[in-house]
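Here it is, the structure, as structure tokens.
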Amino acid sequence: MIEATAVGRTFRVRGSVVHAVRDLSFRIEAGEFVGCLGPNGAGKSTTIKMLTGILAPTSGRVTVAGLDPSRRRTGLARRIGVVFGQRTTLWWDLPLKDSFELVRLLYKVDREVFRRRLGELAELLDLGGFLATPVRQLSLGQRMRGDIAAALLHDPALLVLDEPTIGLDVVSKAGVRDFLRRLNAERGTTVLLTTHDLGDVERLCRRVLLIDHGRLAFDGTVDDLRALVPGETSIEDVVAHLYLNSPASPRTPPAPRPSGDPPSVTA
Amino acid sequence: MRPGPDCGSSTACATDELRSPGPRVRRCAAFSLYLRLVRYGFRKHAAYWGAAVAGAFTNTVFGVLRAYVLIALWRSRPHLGGYDLPDAVAFCFLTQAFIGPMQVFGGGLDLTERIRSGDVALDLVRPASLQLWHLSEDLGRAAYLFLVRSVPPTVAGALLFGIVPPADAPAYLVSFVLGVVVSFGWRYLVALAAFWILDDRGLAVASLVLTTFFSGLMLPLVIFPGWLGALARALPWAAMVQVPADVYLGTTGPGPALAFQALWAAVLLGLGALATSVARRRVVIQGG
Amino acid sequence: MVRTYALLAWAWTRAAAQYPLSFAVMTVAGFVTSGLDAAVIWVIFANTRSLAGFGVAEVMFLYGASSLAFTVADLLFGNVDRISRHIRAGTLDVFLIRPASPFVQVAVDQFVPHRVGRVVQRAVMLGLALSRLGVPPGRAWMIPVMVASGIVIFAALFALSGAVQFLLTGAPEVANAFTYGGAQLTQYPLNVYGADLVRGVTYVLPLAFVNWQPGLYVLGREDPLGLPPLLRFLSPVAALALAGAAALAWRAGIRRYRSTGS
């Protein structure tokens, strides 16, 4: 489903070259559920942007759902779903169901297929109570469920989520996690998510990619990850240990943004 | 207004003001609070220097375009409205120079945003006047924009068309500051309206229309015919652009001009204080 | 492209309709604001009978044609100059993950239907000016051509100003000097401006083709600056050339964003 070969991404920041991602290679098969971990500024968001066609890599090759994201942006957009935890893709002033209708038209989903699909999603994500509510009036948990539904209306084979549980309360978090697990198990949708919440990783991801300083620092199961640091029992302590004892220092700064921009929270 | 490097100390200062025993000490502490807010307003806007430079560029381009139109008009009617041709050209660049500091297109206050988000409740419980707080910040903003957005169009006008020096520099300075205060008084009232009007964009547009037309930005009010001219010259917007420009050109006596501005400043600030107390009661009693 | 635009514009219209009072106020305010522009011309002609050799009806005609084109372009594409905000807020990324043109999505984002009020006002003004001018039918065919060319020219200016902001994200207001400045410039007969400025907006940035050159043909007037008479028929050519340049610049901007992340 995803194949990254020696992918590198450099940015020019005030004349000097910064390597946000370097020599990243991994493969994600259809049906996997993969979590992407890494400290702030490690290159996670840059990686996600390269996989979704927002950003072109400076070196190496990326293939997602059989397409080169940087060349086939619109083709890819129809095959994958993307959710940004920190910003919504919904229309702020429109009722949720109108946002869905627009997504249907943008992605050219057949009306009948859409009706059925929205019915399923509304039930699984429990959207029924606020389908007619304008997005700006939704709670963060409701909005996130709405965003996830919007990303899945065109039934993509791959769902990419950038920090989907950020800021959610315990109940909303559990709801989102439960949905993602079922989506992956029952529908076979491949899921790739980035997160700072290790609960997401422990409860959902069969496989973990740890990105640090733009490189792949670890690729394996959660149990393998735990085994990396003998003596630490909680996954939280294990990851903290790995972040603190990573080889190169200081950290690579996050992808540069025009001046005046608040530093991005995602890496 | 937002938490910034200065905020902590400003609040501390305001608290001092409450605790301090004598009225003299209290006044002194309050004064240093507002003085600090002026500096803070200056620095806050200095962070957006790119936008200010771009604004100065745009103001200069518009100054040139408008100057040509006024030149064509004054060629066919020399001494129109008591201005000669150099006066008309100077007027044009002066009005462009006022756009930034006088915030002719509206806004400049983050009060509206804070009212909409409800954060204003926090401001209202501070032991400091909401109105003076914003006035101080706005004076700092105006001082910064004077440097970045007023000087370039004026210099450009001088280089391209030649410009007359101010007739009475101290009077002009006072008139300029009064112009900013009148502009603040008006914008503060518009911003406070967000307490009572749910969606205030319509009001912002109406304010923009009134201000650009009746301030003298589009055409000098001295050439508005008949009753329209008399009305326009008596309204508060004239105090923001037309009157300071006239004081600069010396086409009006500084005494009556400054008195006119001071009167409107007092009226608008008074209305603002009244509206603030009504709003405070509303927030305290109804919880926003 | 057109379909996507129409769909999204309709969605924003429905969103705006959620605040019916504000919607009505804004539409009327738009009508009145543009009315005040007309009032400026009225004030000028309350003081003089001719401006640079043109009478009130002729100036109203030039102004109406240019501002009708501008308000239509602004209604449809004016939001493109908010691109730097989308870049800073990260919403451009959201546009890029959808299977639709980012240009269309940016142009239609925050589509404000009440700007129609201004379009209507300018159309009325142009109509009034024409009714006082009595243009012979043999030359009237140029009027729709010039308005259409003007719309394309201003739309291209908006696209160019958007493209420039991929480089100047910190100072999007620079672009206003060209879009709104262009609208301001063409409000009056161009011969009020210096001859060099007019040559510049004829041969470099083709603003003279919005209303001045074709307008001279409609009015049956000699060019006061003596430029070649053929120019007055070239508005569509100038419009297409500028649109082509704008399309290239926009694509370069998007490519730059996707290859530099800024």
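Letters A, B and C mark the chains in the order given here, with residues in each chain numbered from 1 onward.
Rule of thumb we're sticking to: a residue touches a chain if its C-beta (ideal position, glycine included) is under 8 Å from a C-beta of that chain, and two chains touch if they have at least 3 such contacts.
By chain, with names taken from UniProt: A = ABC transporter domain-containing protein; B = ABC transporter permease; C = Transporter.
What you see is a predicted model; the values in this text were computed from it and never measured.
Undergrad: Mind having a look at which chain is the central one, using mean CA positions?
TA: Answer for the innermost chain: C.
Undergrad: Can you name the chain that lies farthest from subunit B, using the mean of each chain's Cα atoms as its centre?
TA: A
Undergrad: Distance-wise, how many Å sit between the C-alpha centres of subunit A and subunit B, to the nearest whole number?
TA: 47
Undergrad: If you average the CA atoms of subunit A and of subunit C, how many Å lie between those two points?
TA: 40
Undergrad: Would you mind pulling out the distance in Å between where the CA atoms of subunit B average out and where those of subunit C do?
TA: 30
Undergrad: Quick check: what residues of subunit C touch more than one other chain, meaning two or more?
TA: As it turns out, subunit C has residues touching two or more other chains at 170.
Undergrad: Two or more other chains in contact with one residue: find those residues in subunit B.
TA: In subunit B, residues 50 touch at least two other chains, as defined above.
Undergrad: Would you give the residues of subunit A that are in contact with at least 2 other chains, written as numbers and ranges?
TA: If we look for residues of subunit A contacting two or more partner chains, we find 259-260.
Undergrad: List the residues on subunit A that touch subunit C in their complex, please.
TA: Contact set of subunit A toward subunit C: 11-12, 46, 49, 52-56, 58, 70, 73-75, 77-78, 80, 82, 84, 86-87, 89, 91-94, 98, 102, 105-108, 134, 255-261, 264.
Undergrad: Residues of subunit C touching subunit B in their complex?
TA: The contact residues of subunit C facing subunit B are 19, 21-22, 25-26, 29-30, 32-33, 36, 39-40, 43-44, 46-52, 168, 170-174, 176-177, 180-181, 184-185, 188, 192-194, 197.
Undergrad: Along subunit B, where are the residues that touch subunit C in the complex?
TA: 50-51, 53-55, 57-58, 61-62, 65-66, 68-69, 71-73, 76-77, 80, 198-199, 201-203, 205-206, 208-209, 212-213, 218-219, 223-225, 228
Undergrad: For subunit C, which residues count as touching subunit A in their complex?
TA: Residues 4, 7-8, 11-12, 14-16, 18, 84, 87-91, 93-94, 96-100, 169-170, 258-262 of subunit C touch subunit A in their complex.
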